[in-house]
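Some structures to go through are shown next.
The same subunit A turns up in both complexes below, where it pairs with subunit B and then with subunit C.
For the complex of A and B:
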C-alpha cells in the first residue's frame, strides 16, 4: 500500500473513532485531580459578592476545548454569587467571552452591570496587565457595550488588583504567563488558569513554585470541574472521544513499531 | 551623533523603567502610568506598520504571479474587516462580528482540528523505538497518553500518579532549565541593549 493510502486509512479511522465516540455516553465517575479540586475549593470558599476577573485569552480555534472549561468555571462563579469582571487580552476572545458570560449569567438570573460586567478587549497585553495594576478604569474607561465605567455599579468599588480576589485566565497559549509575571510578580495578584491540555506542562514550573495558584487543564479538567459542580457539559461529553482518540493513537504507535521491526528483520535477513 | 543620541535615549528609558520598579513615589508612579499609555499608542501605530507590510508583501507576490487567488483573498479580508467595523461597529450583532463568528471562527477551528489527523499520522510514521533514547521517549509518551484520560484510573490507581510524577519531575526539570535559561538570556540582552553594547536595533533593514 502506498504511503498516501495508509494516511487515508489513518485519517478515516480517526474520523470514525471520534464520530462514534460522541454517540456513546459513558460515565467515568466523579474523579478529580488535586489541581481541579484546589481551583474549585478556592472559588467555593470565597465570600458571596467577591470579585473575580475572568480573562478570555484565547483564539477561536481552541473553542471546543476551552469553552467547556470556561463554562464550568463561570457556572460555579455565578452559582456561588461571586461577581465576575470579564476582560479579553486576545481580540478573538472578546465576543466569545461576552456571549459566554451573558449566556451563563442568564442561567442564574444575574443582572449585567450589577452582578457581572464585560470590559472587552485591550491590545498590548503586557501594558494592559500592568496598567490594570494601577487603575482598571484607566485601562477600560468603558465596557464592551460602550457604557462608561462610572455607570456600572459593580465597577464603583473596583480600582485595581487590590479589589480583585483572583484572576482566572482562560488561555490556549502563553498569555497566562504575562498574568503571572506582571500581575502576579509585580502586584501580588493570585492567578488561576483554564488551559488547553497541550499547554499544561508549560505551566508546571509556575504551578510548582506557587506563582500560579491552580490549573483546570484540558477537556479532562473541564469534565472534572463539571463533576464537582454537579452539572455535566461539553467536558464530560468529550471525554469518551478523547479517551478513544488517545487509545487510537497508542494503537497506531504500536502498529507502526511492528511494521518497523518487521522491515528491520527482513532487511537484516537479506543482508 | 546619529548613533549616540538613540543609544542615550535607550539608556535613559531603560534606566528610568528599571529604577521606577523599585520606587513607590507618586512621581515615579505617574511617569510609569504615562509610559504605559504611550506604550498602547505606539502599539496602535505598529499595527498600521504591520498591515502596510502585509498588504505590500501580498501585492508584490501578486505582481510576480504567485498564488494569486490566495493573495487576493488575504487582501480582501484585510480591507473588508475594517470597512465592516467602521460601518457597523464591532459590538454584538454587527456585520463585523457576524463574519468573525460564522467565517473566521469555524475556519480556525477546522484548521486546528486538522492537527489531530496529523498527530495520528505522525504517531504511526515517526514514533519508532529506533534506539534506547527513542524507546524511553516512546514509553513515556504512552504512559502520559493513557494517564491523561479517565480510563487510567480504571486500569490502576497508580497510572495517574505515574503520569503526574513524569510531569512533575523529569518534564518539569527540563522546563525549569529552559525557563531559567530564557530568563538569564533576556536579562543579559536587556542589559546589553540598555548599556549600548547591543546596537543591532540601530541598523534598520
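For the complex of A and C:
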C-alpha cells in the first residue's frame, strides 16, 4: 500500500472514531483538576458586583478549543452576578469576544453597559496593558460600539487595575505572558488563563512560581469547568471523542512500532 | 437555519476535502481564510489605531503633538526609496529603544528573578521532605549542565548533562502530547459543529 493510501486510512479511521464517539453518551463524572477547581473557587467566592476583566487574546482558528472554555467561564461569571469588562489584544479575537459575551449575557438576562461591557481591541499589547494600570478610560475612551466610556454606568467606578479583581486571559499563544509580565509583575494584578492545550506546558513555569493564578486548559479543562457550573457544553460533549481519539493514536503507535520492529528484524536477517 | 452556519458548514467540509488530496476547492477556501484574516485585521487596525488614536484626536481633537508619531510613522515608508531609506532608522531606533526600555526590567523580573526564586525550594521543612523540590533541583541543575558548553561533557559533568537530556525529553514529550491533544480538540470541535449546528443530528 502507498504512503498516501495509509494516510487516507488513518484519517478516515480518525473521522469515524470521532463521529461514532458522539453517538455514545458517557458521563465522565465531575472530577476536576486542582487548577480548574482553583479557578472556579476564586470566581465563586467573589462578592456579587465584583468586576473581572476578560481578555480575548486568540485567533479565530483556535475557536473549537477556546469557545467551550470561554463560554463556561463567562456563564459562571454571569451566574455569580460578577461584572465582566471584555477587551481584546488580538484583532481576530475582537468580534468573537463580543459575540460570546452577548450570547452568555443574554442567557442570564444581563444588560449591556450596566452588567457587562466590551471595550474592543487595542493594538500594541504591552503599551495597552501598562496603560490600563494607570487609566483604563485613557486606553479605551469608548467601547467596541463607539459609546463614550462616560456613558457606560459599569465603567463609572473603574479607574485602573485596583478596581479589577482578576484578569482572565483567554489565549492560544503568548499574549497571557504579557498580562503576567506587565499587569501582574508591575501592578500586582492577579491573572488567570484559559488556554489551548498546546500552550499549557509553556505556562507551567509561571503557574509553579505563582505568577499565574490558575489555568483552565484545553477541551478537558472546559469539560471540568462545565461540570463544576453544572451546565454541559462543547467541552463535555467532546470528552468522549477526546478519549477515543487518544486511544486511537495509542493503537496507531503500537501498530507502527510492530511494523517498525518487524521490518528491522527482516532487514537484519537478510544481512 | 442561520445563513452563517450554512456557510461555515460548507467551508468546513471544503477544508476536509484535503484529507483526500490537495484540490482546488481546498485551495479556494484556504485563500479565503487567509484573505479574510488579513482583511479583518487591516480594518480593525485602521479603525482602532489610525482613526481612533491618531487621525481623530489630531484633526478634530486639537492634539498637534500627535504630528510626531504621524511623521515617525510616515518615515517608515522611506524604506521604499534607496536614497531616503536611512530616514526609516529614526522610527526604528525609537521603537527599539522604547521597547527595550519597557521590556528589559519587566522580563528580568518576571522571567528571571521570579523564576529563580521559585526554583529554590526547601527540601525539608515542617511539612516533611518534599520530593518535588528534589526533582526541580535535579532537573534545573542537570538541564543547565547540558547547555553548559565551556567544559567537556565527561565524568560527573557528562552524567549530569545526560540526566538533563532525560528531563528535556520529558518536557518535549509532554509538550508534543498536549499539542496532539490540542489539534484533536480542534478537529473534534469542527465535528461537533457539523453534527450539532450544521446537520442537527444531535441536540
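Keep this in mind: the second predicted complex is superposed on the first by the 271 of 271 C-alpha atoms of A that agree within 3 Å, B and C clash if a C-alpha of one lies under 4 Å from a C-alpha of the other, contacts with A are read in each partner's own complex, and residues count from 1 in each chain.
Here is the rule we go by: a residue touches a chain if its C-beta (ideal position, glycine included) is under 8 Å from a C-beta of that chain, and two chains touch if they have at least 3 such contacts.
Remember, it's a predicted structure, so these values are computed and weren't measured experimentally.
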Touched partner set for A:234, first subunit B, second subunit C, both or neither: second
First, second, both or neither for A:223, with subunit B first and subunit C second: first
Touching partner for A:134 - first (subunit B), second (subunit C), both, neither: first
Partner chain in contact with A:184 - subunit B first, subunit C second, else both or neither: second
Partner chain(s) touched by A:255 [first = subunit B, second = subunit C, both, neither]: first
Partner chain(s) touched by A:11 [first = subunit B, second = subunit C, both, neither]: both
Which superposed partner A:115 touches (first subunit B, second subunit C, both, neither): neither
Which of subunit B and subunit C A:145 touches, first, second, both or neither: first
Touched partner set for A:19, first subunit B, second subunit C, both or neither: second
Doubly contacted residues of subunit A, that is, touched by subunit B and again by subunit C: 11, 14, 18, 59-64, 92, 95, 122-123, 127, 130, 186, 197, 200-202, 205, 208, 218, 220, 242, 245-246, 249
Subunit C partner contacts - residues on subunit A that touch it in the complex: 4, 8, 11-12, 14-15, 18-19, 22-23, 59-65, 67-68, 91-92, 94-95, 120-123, 126-127, 130, 141-142, 180-182, 184-186, 196-202, 205, 208-211, 218-220, 234, 237-238, 241-242, 245-246, 249
Parts of subunit C lying in touch with subunit A, wherever the complex brings them together: 19-21, 33, 37, 40-41, 44-45, 48-49, 52, 99, 102-103, 106-107, 109-111, 114-115, 117-118, 171, 174-175, 178-193, 195-196, 202
List of subunit A residues in touch with subunit B within their complex: 3, 6-7, 10-11, 13-14, 18, 28-29, 31, 33, 59-64, 92, 95-96, 98-99, 122-124, 127-128, 130-131, 134-135, 138, 144-146, 186, 197, 200-202, 204-205, 208, 218, 220, 223, 239, 242-243, 245-250, 252-253, 255-257, 260
In the complex, subunit B residues that touch subunit A: 21, 29, 32-33, 36-37, 39-40, 43-44, 47, 91-92, 97, 100-101, 104-105, 108-109, 111-113, 116-117, 119-121, 123-130, 138, 141-142, 145-146, 148-151, 153-154, 160, 167-168, 171-172, 175-176, 179
